[in-house]
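By letter and in written order, the chains are A, B, C and D; residue numbering begins at 1 in each of them.
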Amino acid sequence: MIDYHAILPEIILGVTVLAVLATDLVTREKYYGAIVGMVGLFAALVPIFTLGVCDDLAFCSGSLPRELFGGSYVVDQYSLVMKGLFIGAAFIAILLSVAYLQSDRFYEGEYYFLLLAALFGAVVMASSRDFITMIVGLELVSGPGFLLAGWRKADEKSNEAALKYFIIGVIAFALLVMGVSLLYGISGTQLFADLAVAPAAVVDEPVFLLGMLFVFLGFTFKISAVPFHVWTPDVYEGSPTPVTAWLSVGSKTAGFVGFLSVAYLAFPTHANLWGPLLWILAIASMTLGNLVAVKQTNIVRLLGYSSIAQAGFMLAPFGAAAAAGADLQQAFGATIIYLLIYAVMNLGAFGVVIAGGARVKSYELDDWAGMWRWAPGLTVLLAMFFMSLAGIPPLAGWFAKLAMFSATIGVGSWWGYSIAVIAALNSVVAFVYYSKVVKSTVFDNVPDHVDPEALSRIELAPTLTVALGVTTILVLFLGVFPGVIGNLSKFASEILAGTF
Amino acid sequence: MLASLTPLVTRFAFLSEESGHEVHAGDGGALAQWAWLIVVVPVVITFLIVFFGKKSPLKGWGMATFGMAFVAVYGAVLAWVNLQEGILYEGAIEIGKIGPFALQWGWVVDGLSIMMYFLVGVVGFLVFVYAKGYMKGDVRYTWFFASFSLFAGGMLVLVSAPNLIQLIVGWELVGVSSYLLIAHYWEDFDNVDAGNKAFMTNKVADVGLFIGAIIMALSAGSFQFSEIFEKMLSGQTSLAQFGFWAGLALFIGAMGKSAQFPFHVWLPDAMAGPTPVSALMHAATMVTAGIYLVARLFPFYQLPEFAGNVNAIIAIIGAITLFFMGLLALTQDDIKKVLAYSTVSQLGYMMAAMGVGAYSAGLFHLFTHAFFKSLLFLGAGSVIHAVHSNNMSDMGGLRKYMPATFWTFMIGTGALVGLFPFAGFWSKDEIIASGYHTASVDPTFAAWFMVILSIGGAFITAFYMARAVSLTFFGDYTGHAHPHESPKVMTLPLMGLAAFAAFAGFLNVPGVTDVFIRWVTVRAFPIVEHHAEGLNWPLVFIVTPIVLVALTVGFWLFRPKETQAERDAFTIPVLYPLFEHKFYIDDFYMDGIIRPTMGPLADGTLWIDMNIVDAVPNLAGGAAKHVAAAVNTVDQNVVDGVFNTASAGTGATGGFLRKALTGRVQQYAAMSFAGVVIIAALFMIF
Amino acid sequence: MTIIQFVLLGAALFSIGLYGVLTRKNAVLVLASVELMLAAVNVNLVAFDVYLGDASHAGQIMTLFLIALAAAEVGIGIAIVLLVFRNRRSANIDELDVMRY
Amino acid sequence: MEWFDSGWGLSLVVFLPLVGALVLAAIPRANEAAMKWVALVTAIVTFVVSIVLAMRFDYGAAADIQFGTNLPWIDAISANYHIGIDGISLPLVVLSTFITLLVVIYSWEHWPEPHNPKLLLALVMILATGMTGTFVALDLILFFVFFEIVLLPMYFMIGIWGDTSMRVVPVVNWEIELRLYASIKFFLFTLFGSAFMLLGFLALYFKSGDVGPNTFDILQLSELGRAGVFTGAFAFWVFAALFLGFAVKVPMWPLHTWLPDAHTAAPTIGSVILAAILLKLGTYGFIRILIPILPDEARRWAWFIGVLAVIGIIYGSLACLAQNDVKRLIAYSSVGHMGFVMLGVATMTDIGINAAIIGMVAHGLITGLLFFIAGSMAHRYHTRDMNRLGGQMLLMPKMGVLLGFAAMASLGLPSLAGFWGEFMSLLASFNPLDGLSLGLFRTLMVLASIGTVMTAGYMLWMLRSVNFGEPAAEWLDDHNLHDVDKFEWMAWAPLVVMTIAIGIYPKIVLGATNDAVVNLVNKAFGG
């Protein structure tokens, strides 16, 4: 007996994916695909909501967590929150894409199809509680990503991006599954629940550790953390910007879902093993990302390195808490808070970048200089999102940083204090390059080859306006009342109540 | 000694054991309760002049003079009542609490303050009147009177102060108004510099005042003089422990305002201001603030348990000042500078008197000096007014042209050099006598030093005054302008002051009248001092001849001569240049302290700030950029980098790998995988 | 026949594949090498499955999935390579360095 | 007025300006008059409300928190919207609304280039919210947020309207526009400090969990601090972190170097707000957070703070003596004056902290006035180089007189506001808190009072070269040099009046602060 209510979102999404494909067959107006897709996304949100508040609903029975397929597919608070996040991100990503695709000769139908497929994969990952499902979901996220990265077919940069992304991705994937095979070999199971309770004899085997290492390192590819971060800047720069937006939010978050599930659901009891690993990865990622970002002159590339650094910030709580053997729940919650807020502000940032790029036809900072003159409104938003990424109150970003700091300080050991101090220094460095963008757009003068008059006449595409409006409101609201996010993450991290 | 001084809980009369007479005191009634008007009126008038002066008919002069007249009259009335029954009153309003301390504005009405009210009022009034004529047609006529009555206000704030805070406030207010008035003609930087010099010198001395006040207040737990004294006498204060330092610090403050050596440097330069200013502030009143401070704290300086042993220092400093600064007057050609150094020297007398415990004598000299010195200054002013020059070499023979000025100047001179029966004779004689008494009672070095130098001082005073008078009024006129007698508005004040200079002395003839002593000893706290029953005739017969000799020698040496050459003929080889350069003290301050501070030290600090302190963040920034660049390169083509260098060295592996890893993607992959291997190795090993 | 030889085989395959990925100029060969790496994993999984006598045969199931995924991967890979080839008439990945810094 | 006393009054003072900013944002660019009026009305209303607060304030119970409220805000980390004022914060709240109002009045006809009233006024309004918010916040997170809110507006003010002349940065030899250098420098310094400050707050939060529910509440933490919950190495590191955060803001030597650049680069109203209010956030943090929560550690650090403060005094004065740039000179003088404030704090006595607060208020008024005047002068002369200026008393007598007044006030002339802070902190440092080294603090007292001499020195020197002498030929027929205009009068006269008023009747400030401070010190150090 299958709990259909539990997998209703997936079913709806699956239908939507096919529907989009079908629309593309029957209609000329390509953006219909987008509409169908968005309708589907809305529809998928409904059961997620009903599942969340099931207890309060008359017609609804059963309570979280709902286990399916012998515990390899679980719908719990955490997976619901994540699914909601994915769908929201995809929604914004589509909004960002429409105008972009219209602006040039692109295959549209397939585009939406692939985007939604990737989303579907991510949603599956959120619920998967064994490696098979997880891997399938992962590939479902990656595969479309490879293709979308190369969507600007005529553009060499785009091709190059696709190929790089692909090759690195495949290696990482191979590493990951290698790890999985080793784990399977040593422990005889690939169910997270069983791995969590693997006997000491197994755990002490070096092979187990090796397998675990491979799995984690394999995941670093998706979240673009050291050591598999190398693709990030090139792919961000080469891919169509809306795709970059999706990669930097949807696909990255999917990667983190993998991290969270594996770390906290499969290996909570071995935290002392993977804690130090993630501690190192976090520090390496944030430091490297921030330092290199300082030198960037291309906004998208800069955002690429920023996303590496942010990955480091998100990993920090893992490392600190696990290494110190402290309560994992808080670290878990902190990462989720960070993911939610990061998704909002990063999508917003990309929204502005796309809107601006649509005018200057360039992502070089020098060409954006004096943007204030030809797009005051956009510039304000740009400043707002970038400052939010830098974590300046009262913009949402500050709370993400706060959660991260509090999770690291909270573990009350040098693992936490040291990484907190390093993160603090990093957040100062981070401000340097975020403010660099603000500086050149607000303070500098318009370069000669740019004609403010002409640019200021181009108006914003309605879809972009919607996307920016949503993200802006969210960034401001969450900045002033971050309690909402706090509660959401509490809700999500209930599943860890008692584990440490 | 402490034993003999019973603390007076009721602020009332007491018996001063040495001098037998009794001082009664009432609380002065309404008269004293409204005495705050004395302070407030001039202050208010200052603001009135600032805002409405230009529009008012008399351009502010009227208001200012009215204010001073008011003070003079009120002061006179108070003085009279004080003489009859004595007044001891203290009123205050609270202006805030800070921790345990209450901050107050208040007004003291007792012998000392009344004397000062009267002095400031009368001299001030006369000088203001004189100024109407002298400042006629001045560019900043109104502004002048505004600052002038600001000064008066400040001075009165000072003398009416019942607590240290208010004293400091008044102290600095007169300081700033003096700055404004000295720099009155600020188009010329010399005057501005003179003003700055005065301000800065006083500011330096004020460090002493501040610290002294702080020590006193904190160890006694109050700013109120009365409270401090009570605690002192009843011994409930840790003040004794710091007594010496507090006393010294406060005395340093006093040295600043009263231009005692080595803080005297500002006073002569202060003559850059208009002459009435010099007369009122830099002769009669402001410069006496230091004396006033010591007098106000007299009980404190009396008791050996507290600042008793500062007295010696005070006496010696005073003596040095009165003698050596007098010497400097000898070489000045600027008549105002002569008077300025003379002032410094006379202030030395007063301070020295305080040092040997001659409270009344010192104040008496302060009192008389105020009249005759302002008289002399105004006289000099009237001369300058006539000949449009400060230099005595442009004068001479003026007695014919301006008799009124001449005769009043003569009276002033008589008083200054201490000729019988002019005021100076009595006051100076009493100082010397009291000094002699102290020296004979307990023969300390300080006391004898003071006595001898003050006798010597008498000689010098007479000597330079003889020179000044001779060069100014005798011989033939050598100037270029056409000298003429000054208008009534200027000569009348001269005469008024001359009257005081002539007769003020009779207020206190030892053994005959003790009016003045009865005034100023009306204090809430015991003033223990010796009051002679009669003139000390031996001293009179020593000093007066000395003065006469000095006068004659002076007149003879500087008798009218035909040519400039002859005038310069008389110079004493070694001393003359020494005096000429004011003992090189000013030069030392300028080249030894100020220039180094404003030059190397300040510039050095700024340099350090910009190049060292600020270097840290800047370098951090620079470093961050470079590191970023480095990491960037590594991150982008580490493999290139690594293997270029490797192959550049021993080519084998490097070269091979270099050929192997061709594509950028593959370098990326290699990097990542290297990372994996490293981490894996790390974790496998540990 | 013990498990160790299969594991060694897997490791060897994986390493060869990796070496290929890192060193081959031609993109198609790189794809092939990727296949090798995945194949290595499959070898491992099947071997472990048998060795453990896993009743649920999770290992083999995963192998099946992986084969499918690998096929998809290669499909995508080929598509991208073709794209590149069409644009620049060459499938040499060492010419892909438009983007630096 | 129940609603008013139970938090609404304060919230109004804090958030009215923000509302004003939103309204401004809604006004079309063309309609400048409307913007001015909106800004003015907002500022006036805010000021009036703060005055009402001051009037309804119960001075008898100045030690207690009044007008307060405490609502849940971020329950995830139990951070509350806990606001309220006592005698310590009241003067500062009023000061900030007051200065904001004057700034708006001043800008009425003095717009820095590029001309953009809308943004400028909006930023001023946001600043106002941040400043007052910091003074009323009683929750560490709330405090932090307000503390940081002021950064962005000031950053934009300096960056957009700042001085565009080139500045060659020594040591690293960058040549960069002053406004760009100063803006980023200002931001990075403060961010650097506040990042660690936040860590410190979090550490306190978790430590408070040892003896009850975790809390960010300043009052509760103060209680815990008195109970001796925070001790040993923990206290040391937390203190260090918070110290960094506040000391940068004050600024204390050697973290002060952002200040001269920021002040010099900023537009007039920018430097006024910066000097008058923003610097106070740091000192306020010392008094409100550091001393109550970590009293023992504060006692341990006192000597260090005192020494840095006095170094600041002497060093700032010396740097002033070497200046030729009027604004830079005033900026460095701020370093000196804040040195006196910090010296007062360092003594940890009721006198010292009272001195610090009245010193803060006085510095706000006086240095605010100085920067106003310096700004207007720079606007007229188009130079700040004192070597070129001179004879202002002839060119612009009123301006000259005001400058003279401000300078006199700034050098601590008794009977003007500046005197009390200076003298009282000297007074306090003669008898610091029991257990502090008397010898050291008395030495500091002497050094600091030598500092007062130097202060007088450079102020007089500034007057000499700006006000006095004959004006240089280039100014004689310069038509920009019109004397103080009516908006300047309206903005400056209140400052002059308040400076005199507080000088003559310090109870205006002390009446509110004294009880609160005494209570604070007694609680922290057991009387």
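One rule holds in what follows: contacts are C-beta pairs under 8 Å (C-beta built on N, C-alpha and C of every residue); 3 or more make two chains touch, one makes a residue touch a chain.
Note that the structure is predicted; figures quoted are calculated from it, not measured.
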Point to revise | Neighbouring chains common to subunit B and subunit C, by label | key: A
Review point. Once you count every C-beta pair in contact for both, which comes out on top, B-D or A-B?
Key: B-D
Check your understanding: So which chain ends up closest to the centre of the protein, judged by Cα positions averaged per chain?
Key -> D
Revision key, fill the gap. Chain centres from averaged Cα atoms put subunit B and subunit D apart, in whole Å, by 35
Check your understanding: Could you state the distance in Å from the CA-based centre of subunit C to that of subunit D?
Key -> 65
Practice item. Calculate how many whole Å lie between the centre of subunit A and the centre of subunit B, each centre taken as the average of the chain's C-alpha atoms. Key: 75
Review point. Rounded to the nearest whole Å, what is the centre-to-centre distance of subunit A and subunit D, using the mean of the C-alpha atoms as each centre?
Key: 42
Review point. In subunit D, which residues are in touch with two or more of the other chains?
Key: 188
Check your understanding: Could you say which residues in subunit C touch two or more other chains, in rising order?
Key -> 18, 21, 93, 96-97, 101
Revision key, fill the gap. Among subunit A residues, those touching two or more other chains are 163-164, 167, 171, 295, 432
Check your understanding: Which of the chains touch, listed as pairs?
Key -> A-B, A-C, A-D, B-C, B-D
Review point. Any idea which subunit C residues touch subunit B in the complex?
Key: 18, 21-23, 25, 92-97, 100-101
Study note, to complete from the structure: The residues of subunit A that touch subunit D in their complex are 333, 387, 392-394, 398-399, 402-403, 405-406, 409-410, 412, 420-421, 424-425, 427-428, 431-432, 435, 439, 442-443, 481-483, 485-487, 489-490
**Study point:** subunit A-touching residues of subunit D, taken from the complex the two chains share
**Key:** 72-77, 141, 144-145, 148-149, 151-152, 155-156, 159-160, 179-180, 183-184, 187-188, 191-192, 195-196, 198-199, 202-203, 205-206
Review point. Contact residues on subunit C for subunit A in the complex?
Key: 3, 7, 10, 14, 17-18, 21, 27, 30, 34, 37-38, 40-41, 44-45, 47-48, 51-52, 54, 58-59, 61-62, 65-66, 69, 72-73, 76-77, 79-81, 83-84, 87-88, 93, 96-99, 101
Check your understanding: Which of the residues in subunit A end up touching subunit B in this complex?
Key -> 163-164, 167-168, 171-172, 175, 206, 209-210, 213-214, 217, 226-228, 230-231, 273, 276-277, 280, 288, 291-295, 429, 432
